[in-house]
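Each of the next two complexes has subunit A plus one other chain: subunit B in the first, subunit C in the second.
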Partner chain A sequence: MSRVMRTVGTVAALGVLVAMPFYLDAFWLQVGAFMMAAIIGAIGLTVLVGTAGQLSLAHAFFLAAGAYGYAFLAGEPGAGSAGTTLAGAGLPTPLAALLAVALAGGAGLAFSPVAGRLNGLYLGVASLGLVFLGQHVLFNARPVTGGFNGRSVPELSVFGFRLTGDEPELVLLGVPFGARERLWYVALACAVAGYVVAGRIVRGRPGRAMRLMRQNPIAAASMGVPLRRYRAGAFVLSAMYAGLAGILIALTARRIVPDYFGLVLSIEYLAMVVIGGLGSVRGAAVGAAFVTGLPLVLSHYGDDIGFLARPGEDGVDAATAVRMLYGAAIVAFVIGSAQQARKAQKARKGTPNAITITMDRARRALPGGARRRLQRQGR
Partner chain B sequence: MKLSLRDVSLRFGGVRALDSVSFDVEPGTVHAVIGPNGAGKSSCFNAICGVYPVGGSVRLGDRELTGLPPHAIARLGVARAFQNIALGGADTVLDNLMVARHHLTRAGFVSTGLGLRRVRREEDRHRARVTEIAAFTGLDAVLRTPVAELSYGGRKRVEFARALAAEPRVLLLDEPVAGMTHHEKATTVALIRETRAVLGVAVVLVEHDMPLVMGLADRITVLDFGRVIADGPPAHVREHPEVLRAYLGAHS
Partner chain C sequence: MSRLIELLAIGVSLGSIYALIAVGFAVIFKGTRVVNFAQGSLLLLGAYVVAALSPHTGFWPALGIGLGAGALGGLVLYWLVGLVPHGEHMTLSILTIGADVLLATELARRIGSRVMPTGDPWADGVWRVGGLVVPYSRTAALLSALLVIGLLFVVFKRTTWGVSWRSAAADPEVATLMGIRLRRVRAASWLIGGALATLAGLFLVAFPNTGVEPHTGLLALRAVPAVIIGGLDSPEGAVAGGIAVGVTETLVAGYADELGFLGQGAGDVTPYLLMILILLWRPSGLFGSKEAVRV
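Take a look at the complex of A and B:
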């Protein structure tokens, strides 16, 4: 694809996304906000798993750190449900959001002595512990988390303007701009920023170092990449992305409960990045939209889809159907990429040696004075 | 800068992979390390690169390398081309060469993510330099090609170019022509000669191809069972009785 085409495509896609709140109803806007939150979380995970080659099952933990961190830091102290008393820092909400991202990153950093030393499956198993630890804390640290019943999430606001609420009333082009419409833009802005930043990192110096580290740690170290620092760095980055995603999930759901942040959530995020193709930022976005959107849409239209059972009935309900669907999607992806690899191998066998440049040609290719320059710049 | 090994020893359990190995590599020379299979040639490279902790001392100029982690040794100017190609397969030749600039560049997660101007400048500057190195090694035509699409010989060449792109003082080449066609071998030998002449780096070469080593090396260290059995110019080593015994199993 040419550069111009790509730019046009990007601008068109952004235009459509910006126009959405004028056309979609509240349900679809909420689905969209959940999708964009998941996109951010999945991008963070694909950099960690796909680019740096560090398997993590702790993503749910860092999502929870962001979500609960925000709810606590922005929340006012007061009575919670079921007779609990909630603590809250009562900070301005944008500051609370920033601090919650930092908190998730800090949690990642605290884990970095482990994350920096282990890789692959070993890290996956070690990170599993964080999910159970996290849920235990969420259920039991009642003044902070509200315990089993969770706690409600304060709306994000700047100088009295609710970025995710209905106050003050706002009507744009005849469309009332309430909480759902505003939240859409907050989520969109975060998702676009997260996408751009991750893209730059993956294409740039840290991305190159992490990719070589994944494929051959000894080679990466021999090229000057400090392995521990990069493993820890990838982990912290992914934790911060998860933290931001957690905040957006909290703002969209308006109430957060510990049950949600379990192992299944971590596995769903792994499914997102595998479906999208490991290490691909765009793929993670597509996978996240698919895995998050599908269950919401299926259960919304569950009544119209004949074979799906309603909640409480026997049979396959929407949530189960969705798990089967993305199980199938993962299998399809893995088979597809295996076929692609075979095709590439065949193509290589078919083509003649790509480099048949002799030393003479190489020397001719050197521009005038290049040998001297080579000498001067070399040490 | 001179690379010196002094009494370097390495054991794996009861096996002495390296037993008091000492030799010097002068800048601007090609120094070959040869020996039968299992003699300790690759261990020697791993000892220099800091992959294994070793006894004794490895020095570059007046800097002690022993005990430093591999990335710190790379920073001091030791670059290595791997025998079993260790490149990022899906990445382009350019990206693979750019990795070698890691220790010469600064851009971190934050500044790269924010797309700062100094990051873009740094990237441009080093891309230009890497393109020169690609031209020097005859890879300029395939800069944008994923490494996985190159032939074996081509990937071997990228491996060599990547080590060169690290601007090394010491260049470690682990069997740089193994498995190459006759033509590719000749090209690589020309490249090594050119590198020695133009860049003046110290080249340490592990290779099995004897005629090639004899024709290319300025000095040869022969290892057998982890010990140095001969060290000197090719003419000296060729006639050395210990060497003949190690290679031919002759009783003299």
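Take a look at the complex of A and C:
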């Protein structure tokens, strides 16, 4: 029964998502596209951090690799803003998108001598370096990236049909299908594919190996899990997810600037996966939608909400409010899920038997202070 | 040649500031196995308190209160981390990232677009010795770093408390059995980390910089390559790493004209490049203890 219900639920949710472009206006379609891009990126990160137990703060770097990789490979050479000359490979756009994902994966692979050897926390600290190095390259490799002012992103098209543009004109059921509507479906297709693939990886053999690796690397190694290869593999996988997300972000934003791909972005993605629950693909999707959507909606409707200050005024503006909110969310969700796990562990202790009854009696015999101390330690 | 010596002098003094932050990271990591990503906002907190109070109370009392505030901030973080019983170290470190975002955002909002000078006694004075130009503030930074870190190492090596700290870091369970109170020892690690961050923050915002800005906290991330180069769990390595980062950064920035192919602002990122190169060579840093696993 529950399985049938779940299938019905999934189909209904997909149906709603497919029908959305017929009802939503341009602003919400754009928010949706950004959300779906973030969902893909967050899924990649949750597999790396939650399942494989490897902390990464370099996600912004791989998002940038995908976004700029696509813009460069698909772009035509020409003049950029502020007197720069842009280089471009001028490849067909779908091919450029595939290659950009491969490029992001390749960047992850290039880092794998480091990523494969370091365990969780060390990698997290070391990966900080990639963000700063990456941003430095983005600012300085002007022919490729356009420098400080960024570069504009060519539309995705197949045989002359613009998948993210307005041509040729298309009207379905009386609704004009322009760039935003088409982009919605591209993003939706990518997000669904990413969700399904990640779900299969996490539930399948590699996922089981990675979870064991996170919980007990020694046990995993003695069960025949090649640690280095799995660590590097998880890193490359998450880099490719980030690359795809980067391409979608580029297609949605239409112009990409280096400032965006900084440490703050990495921390936002970390917030998404923490809010959703580390290692949960569905949770990452929810967290991504929340963290991406909230600031866009708040700044759009900021005037109507009232308690937020406009930029430049005193008081809490939308950006500050959102940052505080997800900072607090990280703290609250980490503490909350730990307390929950502790309660679950207590509940699992099972039915009383001779041993636990004796232990309980012994505990009761202790003086109050010592008993409370034991309680605090969870024993 | 004299330019090289001057750059080296400035690099070492800047490195000593990074060393202060890095030792804080390392002490907290060695004591509690948590990477404190909130070190940057602790630094900002301490520097902000000093800058906000010094017009009213004068510099030295403000410095005392600022150090207290930084240490207290560390203690609050320790309390937060303690709310996660038996937590994985990675989860705890993510927790400190959240705390960092919260604290840094609030402080940035309070500071706004101001640049708050700390009113330190060194002001913009400089030594001129045989063509060398070194600011007083940097000399003070170097001397205080030497003094504080030296004192800290003597405490760790020579005192009973230092022995209990080291044994708690080496094996918490055995240390507990020997009657060492883990909570106190760990809380002390965070106190030390917070106070060191404040001290570093004070010197980071002093001349040639102008004062406390919202982005000052990000400067603490420059100490990240320092701890990684030295080895996360080695306070001694943190000092060496700090100096290495300071010197690299200053040299690359100083010879920016000759190193033009690296691009603008290369000095700020070369420490990260150095870090990645060293990680390829020695995954646990120069002085870090190798991870030995016995099955």
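Observations on the model:
Methods note: the second predicted complex is superposed on the first by the 347 of 379 C-alpha atoms of A that agree within 3 Å, B and C clash if a C-alpha of one lies under 4 Å from a C-alpha of the other, contacts with A are read in each partner's own complex, and residues count from 1 in each chain.
One rule holds in what follows: contacts are C-beta pairs under 8 Å (C-beta built on N, C-alpha and C of every residue); 3 or more make two chains touch, one makes a residue touch a chain.
Because the structure is a prediction, the values reported are computed rather than measured.
Look at A:2: by the touch rule set out above, it reaches neither subunit B nor subunit C. In the superposition on chain A, A:218 contacts both subunit B and subunit C. By the touch criterion stated above, A:227 is placed in contact with subunit B alone, subunit C being left untouched. When both complexes are overlaid on chain A, the residue A:198 reaches subunit B alone and has no touch with subunit C. Residues 218, 221-222, 378 of subunit A lie in contact with subunit B in one complex and with subunit C in the other. On the side of subunit B, the complex with subunit A involves touching residues 49, 51, 69-71, 74-75, 77, 79-80, 82, 86-91, 95-96, 98-103, 105, 107-109, 112-115, 119, 123, 129, 132-133, 135-142, 145, 148-151, 153-154, 157, 162, 166-169, 183, 186-187, 190-191, 194, 198-201. By the touch criterion stated above, subunit A contacts subunit C in their complex at residues 49, 53, 55, 113-114, 117-122, 124-126, 128-130, 132-133, 136-137, 139-141, 217-218, 221-222, 263, 267, 270-271, 274, 278, 316, 320, 323-324, 326-331, 334-335, 338-339, 342, 378.
Every residue of subunit A that touches subunit B in the complex is listed here, in rising order: 196-198, 200-201, 204-209, 211-212, 215-216, 218-227, 233, 237, 344, 347-348, 351, 353-359, 361-363, 365-367, 370-371, 373-375, 377-379. The touching residues of subunit C, counted against subunit A in their complex, run 35, 80, 83-95, 97-102, 105-106, 108-109, 218, 221, 224-225, 227-228, 232, 262-266, 268-269, 272-273, 275-276, 279-280, 283-284, 291, 293, 295.
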